[in-house]
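What follows is one structure encoded as structure tokens, with my remarks underneath.
Chain IDs A, B, C, D and E follow the sequence of writing; residue 1 opens each chain.
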Amino acid sequence: MLDRSRSWLNWALPVVTVGVVLLAWQFVTAGGMVSATQFPTMTDTMAALGREISTGRVWPAIGATLIGWLIGMVITIVLGVIIGTALAFNDFAQRSAAPVIEIFKAIPAIAILPLVILIAGSTLPMKVFLVCFAAFWPFLIQVIYGVRSMDPIVLDTARALGVRGARRFLQISVPSASPYLVTGMRIASAQALILCIVAEIVGGAAGIGRNILLAENTGVVAYPTMYAYIMVAGILGVALTGGFFLLEKRVMHWHESQRNIRESNKVGAA
Amino acid sequence: MSSAAVFTPTATETVLTVDGLRKIYNEGTDQANMAIDAVSFHVDKGEFVCIVGPSGAGKTTLLRCISGLASPSAGAVTFEGRPLTNVPEQLGLVFQDYGRSLYPWLTNGDNVALPLSARRMPRAERAARVAESLQSVGLGHVERKYPWELSGGMQQRVAIARALSYRPELLLMDEPFASVDAQTRFDLEDLILEVRRELGITVVLVTHDIDEAIYLSDRIVVLSKNPSVVREVVDVDLGDERTQVETRASEQFLSLRRHLLSLVMPKDA
Amino acid sequence: MSSAAVFTPTATETVLTVDGLRKIYNEGTDQANMAIDAVSFHVDKGEFVCIVGPSGAGKTTLLRCISGLASPSAGAVTFEGRPLTNVPEQLGLVFQDYGRSLYPWLTNGDNVALPLSARRMPRAERAARVAESLQSVGLGHVERKYPWELSGGMQQRVAIARALSYRPELLLMDEPFASVDAQTRFDLEDLILEVRRELGITVVLVTHDIDEAIYLSDRIVVLSKNPSVVREVVDVDLGDERTQVETRASEQFLSLRRHLLSLVMPKDA
Amino acid sequence: SLVACSGGGAPADAGGEGDGGAPEKSTLTVAINPSTQFAPLYYGIQEGIFEEHGLELEITPQTDIAAIVSGLASGTYDIGFATVVHAVTANANGIPIRAITTIEGQIQEDDEGTVTIASAESGITDFAGLEGKRVATVGLSSHNTMTMWELADRAGADTESIELVQLPFGQMAAALASGDVDAAIMQWPFAADALAAGGVELGYNNRELFVDTATTLFNTSQSFIDQNPNTVRAFADAMAESIVGATENPDVAKESLIEGLGITAEQAAGARWNIGGDPALNLDAFEVARDLLVKFSTDESAKTALENLDVSTVVWPGAL
Amino acid sequence: MTRVTTSLVPTVRARGSSTGMRRVGAVLTSLWLPVLLVGIWWFATANSSSPFFPPLGDILVETWNQWVVLGAWTNAVVSLRNLFIGYLFGVLIGIVGGSLLWRLRYLRIAVNPIIYFLYVLPAPALLPAMIAIFGIGDMRQIALIALGSIWPTLLNTLDGMRGIDTVKFDTARGLRLGGWRTYTRLVLPGASPQIAAGMRASLTVGIVLMVVSEMVAANSGIGFFILQAQAEFAIKKMWTGILVLALIGTALNYLFVFVERRVLRWYYRSRALGSS
């Protein structure tokens, strides 16, 4: 049982682990097990990170990446919910669209990246298109699945209580499918960020990815900068995912899974 | 078997008529499954009718047809003189599975308020009605809580409060007291009897508990095994004043009990 | 109230002793919740004891302590003369929620075989035992099927067959017949009585149905409201030969019934 | 034009200034592949030469040259960098881009641009030794690869046996050191690392193939030329002037890189480009590039398309 | 996380379609839209002069030429081999690691941020590091695929195991199944639907990384083929690469579903019943 008295472990352990990993990094690189031309030391990387932050160069890069992410996410979510709900309520439409969705989902966005770069150039629209392409299909599936997995009793109850139309959509259908929606959003968010950065790395659009690329092209002297930006990418990812977890916790507080998590945090399982 | 179907607007007005109802699931496919073969009975205004029958007999199916949630394969359901096509406004429904019919994303109060706002009741009146309904099932203090913060019996009562909140004229309940402990069950049974007496509503209740059926009803419809027909309609003349301990121990109760058991369990009888 | 705890290896050998049991959930936090305050009773070898009590009384909690699945906050549980630390080999358990306690990825046969293979029974013997166990609950034909292909009552019987398959000396059952229709319920009740008579096992059964408790048991432990104490232990002397219709209609049954109802529902009595 | 040219280069006269007016479009998006080769460009910007020609430049760094080319075709960029090989390939594939000026002038006898370096451990001493070895290149079908193939072929090696690995310049030195590749076609300043680590210099690729012709180009699309003839003219003039200016004041040009590329003063001091190169364009490079592409193409249809290409169409007539 | 689904395939089966007519109907339903879209593509590009959108017919001819006549299929073989090995390693590590994290609560708390960091880190950003560690060649590509495939499987394994309801564990204790038997007979099968969902997500990631890893420092593979086509401005050739990749991706996806449907038969059948 992990009661109050030991709950400090919940934050202390991760902090210690991160510290140990950073120290191990320093030890391995500074100790000469990996040559500095291949992998910079932790301290050099941190110094580079500090420099990028203090000169303010890091912020436009993060901004450019986040803009692509945000626009892509908004388009994905809006289109996904509308199209997904429409498909879910119509069996024929859904079965017709399923193979198409499957095929598009199977095309790695990265594979069409060169084509999209040729057509749209290394621009924000290119990035947004790729983000949408990567995030949309899985999210759409998630929406359809969520709406369709609605408990028939939930719908019957609504009918029996005389709840109809927009009220039914907003108060019954959306909350009922929301576990799938929120999970879908979280996954889509991670995918969108990854695609943003990949598009920047491969296609050279402005953002964290391009800074990684430029540092990579500059050669060994810029390796600490390169890894600093890689770390920025990871931290951004953790922050966004964490944000969606918080959102999930907030919005889904009523849901069984959240109750289970609260419960297991209380009683301490395994 | 009591024959149905003549609509007479007299003292004993017939509210609901089920006539030759048949329901086949997956009709027309090779998995066709006849749940109900031919069921006919009628319910008078203000009457309390229980439906009993073995598991899988088609009780839930029958209730779904009566409520307009499902459409029969043959036969007709007439509600207040008109054939049933959709779920009528004046209908209250309590599902067998209360755990799934309360919305976990709404508080208990909001759950009860939902049908009221769907009927465009003004906010102030609605709040008063919600409080009153929850009070009547002895749950005045849980309005702000969520359904999943309550024990099973309490959830069941919230579902009942929700069905009662908009004062339906006909209340359909599907095994509403299953898996609730004896005391809660007795309390709920008495609550329903009381509400019905006060508001003069008509109740159709499905149960697998024969004692419960006798204790509650004016008439009991006994269904056969699946595909079901009406085996018998038993009249229960226990009067209006019933108490759990005495009524259930009365000679009349026990003889009705023996009769019903012999109907339900042919081999034992 | 029958005082417990003296271990006497005589003709009426005491198998299970519960002494001053207390269980507090989330002990030591501000959400501490005392489920059981102080419960003591004992069970003799071959005896059939029912535990009744209102919803949330702590019946399930009590059973979990008796089985060794949960550890008590205070007091002791002694099984066959030794204090209980883990789930004993000779214990059979049927959970309240059969739907969740059968493994859906195993066929019914494999579900029943699971505890046998855990006890390293040879393959041939195991197969025979599985078939025999399922047969005894009237489900000889479902061995190859999956639990979810069965109706609720059938699933319940598979869970019972699984608990019986390895011939436990002590069988603990938590509301095993809830939400099963009357006939199936009666059948299962008779089955348990028969098995217990044949194998001479000891049974502790939790139920919220007072009639059921009387019909089945030699003694009934009545728990109070939460946090529970033992309100009374009632002896049931209905003999060994019981039949559903007659026994339940007997005068002795009815007077026991009244007595228990008055215990369970103080305000009505 | 608004300001008289300071008699910089020949192309300024060739274009027929007389019909010129103010640039139709004064703000240009210019995509470059950031390197010190663009010292003349940054010199011109810093010294206000483009401004004098009525132009304002927005420089967009873009490392993928294919993306620059398609950006030109789609109108995302007005002007962009590409090598002569890219320009020829793009046109052979139906993407109409036009070379309008060079970025650093013609290759000279003592060119120190692209250099092929072998690692010390590989034992390779000349281009013939590349046979059967692994060579790192920045792009598989790039200018660098073509020239390396040609030089290896001339030295008698079987080019088919050379295994190519695509790597950014920045990673080549490490790959050479770790033995992942045997040789690499590199550029300054990256070559310095490889040479310092004991790398063997096999030769400067462009010296033998492209002397007195320009291989690094600024391009635009045909439709841009059609709509903005004065702009193109002004850009070409300004660029020619900048190249000459950078040759005359190399230290000033190097300094302009500090801000332009965002590099340190130290790095800028070591910057290299084709100092002293003649800013004029001619068709020689295009013909050589086309011939190399034809020679090493494995794809019949691609070969035919290249053979049918009239290289003079690849260059804006005003630049010749 | 218990609510992750990666495909519609299992749900789109027509219910109760055993008669011939119904089967034909189901096939037609799932085919008309793809056929229509391909038709639109065909006619929309038939007279296309845009270098970026060559006529579909030309693309198909080019596909035949490139992949069969000119032997580009060897690229696919290399890619698939790397994918297979890397994916296998990744998934194995994911399941074992997920099980360990499930069992060892403090380890789970300790490494949580690191895992999420690696999970959301764009794998292509790791390429330079991977080159530094594994050099250039198949090892690096396999390692990158494995590294990326780990996380979806690992996280889903962990979630799936945490999601098994406590009654089942009590049952196992009540039946005295013992540690290893509980793991093999309860924990693994109980979490298997979600492990499968994680494995499918891993497959998607694996395919992406297969392509990515071939786009830098490679000289064979589908990703290499596409990028090289791009460098040559051979747009048609690039389309053929994308087409082949889409075919392979779809085929692998359906293969996975096929296997999953069989292995997890109990799960899909029980759910199909539950939903009716």
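Please note the rule applied: a contact is a pair of C-beta atoms (placed from the backbone, for glycine too) under 8 Å apart; a residue touches a chain by one contact, two chains touch by 3 or more.
Predicted, not measured: the structure shown is a model, and the values here were computed from it.
J.: Tell me the chain pair with the top count of C-beta pairs in contact.
T.: Highest contact count belongs to chains A-E.
J.: Name the chain whose C-alpha centroid is farthest from the C-alpha centroid of subunit B.
T.: Farthest chain from subunit B, going by C-alpha centroids: D.
J.: Centroid from C-alpha atoms only, then distance subunit A to subunit C, rounded to Å. What do you get?
T.: Here the centre of subunit C sits 49 Å away from the centre of subunit A.
J.: Calculate how many whole Å lie between the centre of subunit B and the centre of subunit D, each centre taken as the average of the chain's C-alpha atoms.
T.: From the centre of subunit B to the centre of subunit D is 85 Å.
J.: On a C-alpha centroid basis, what's the spacing between subunit A and subunit D, in Å?
T.: 39
J.: Touching at least two other chains at once: which residues of subunit C meet that condition?
T.: Within subunit C, no residue touches at least two other chains.
J.: Among the residues of subunit A, which ones contact at least 2 other chains?
T.: Only 38, 114, 117-119, 202, 216 qualify.
J.: Would you mind listing the residues of subunit E that make contact with two or more other chains?
T.: Where subunit E meets two or more other chains at a single residue, that happens at 52, 128, 132, 227, 230, 233, 235.
J.: Across the complex, what residues on subunit A touch subunit E?
T.: Subunit A residues touching subunit E: 2, 9-10, 13-14, 16-18, 21, 34, 38-39, 92, 94-103, 105-112, 114-115, 117-119, 138, 141-142, 144-146, 148-149, 152, 179-180, 183, 187, 190, 193-194, 197-198, 201-202, 209, 212, 216, 223, 226-227, 229-230, 233-235, 237-238, 240-242, 257, 260, 264, 268-270.
J.: Enumerate the contact residues on subunit E facing subunit C in the complex.
T.: Touch residues, subunit E against subunit C: 165, 167-168, 170-171, 173-178, 181, 185-186, 189-190, 192, 266-267, 269-270, 273-274.
J.: Using the touch rule from the top, collect the residues of subunit C that touch subunit B in their complex.
T.: Checking each residue of subunit C against subunit B gives 52-56, 151-153, 175, 178-184, 186, 208-211, 244-245, 249, 254, 257-258, 261-262, 264-265, 268-269.
J.: Inside the complex, what are the residues of subunit D that reach subunit A?
T.: 34, 60-64, 66-67, 70-71, 74, 76-77, 168-171, 173-174, 177-178, 189-190, 193
J.: Spell out the residues on subunit A that touch subunit D in their complex, using ranges where they run on.
T.: Touch residues, subunit A against subunit D: 35, 37-38, 114, 117-123, 202-204, 210, 213-220, 222.
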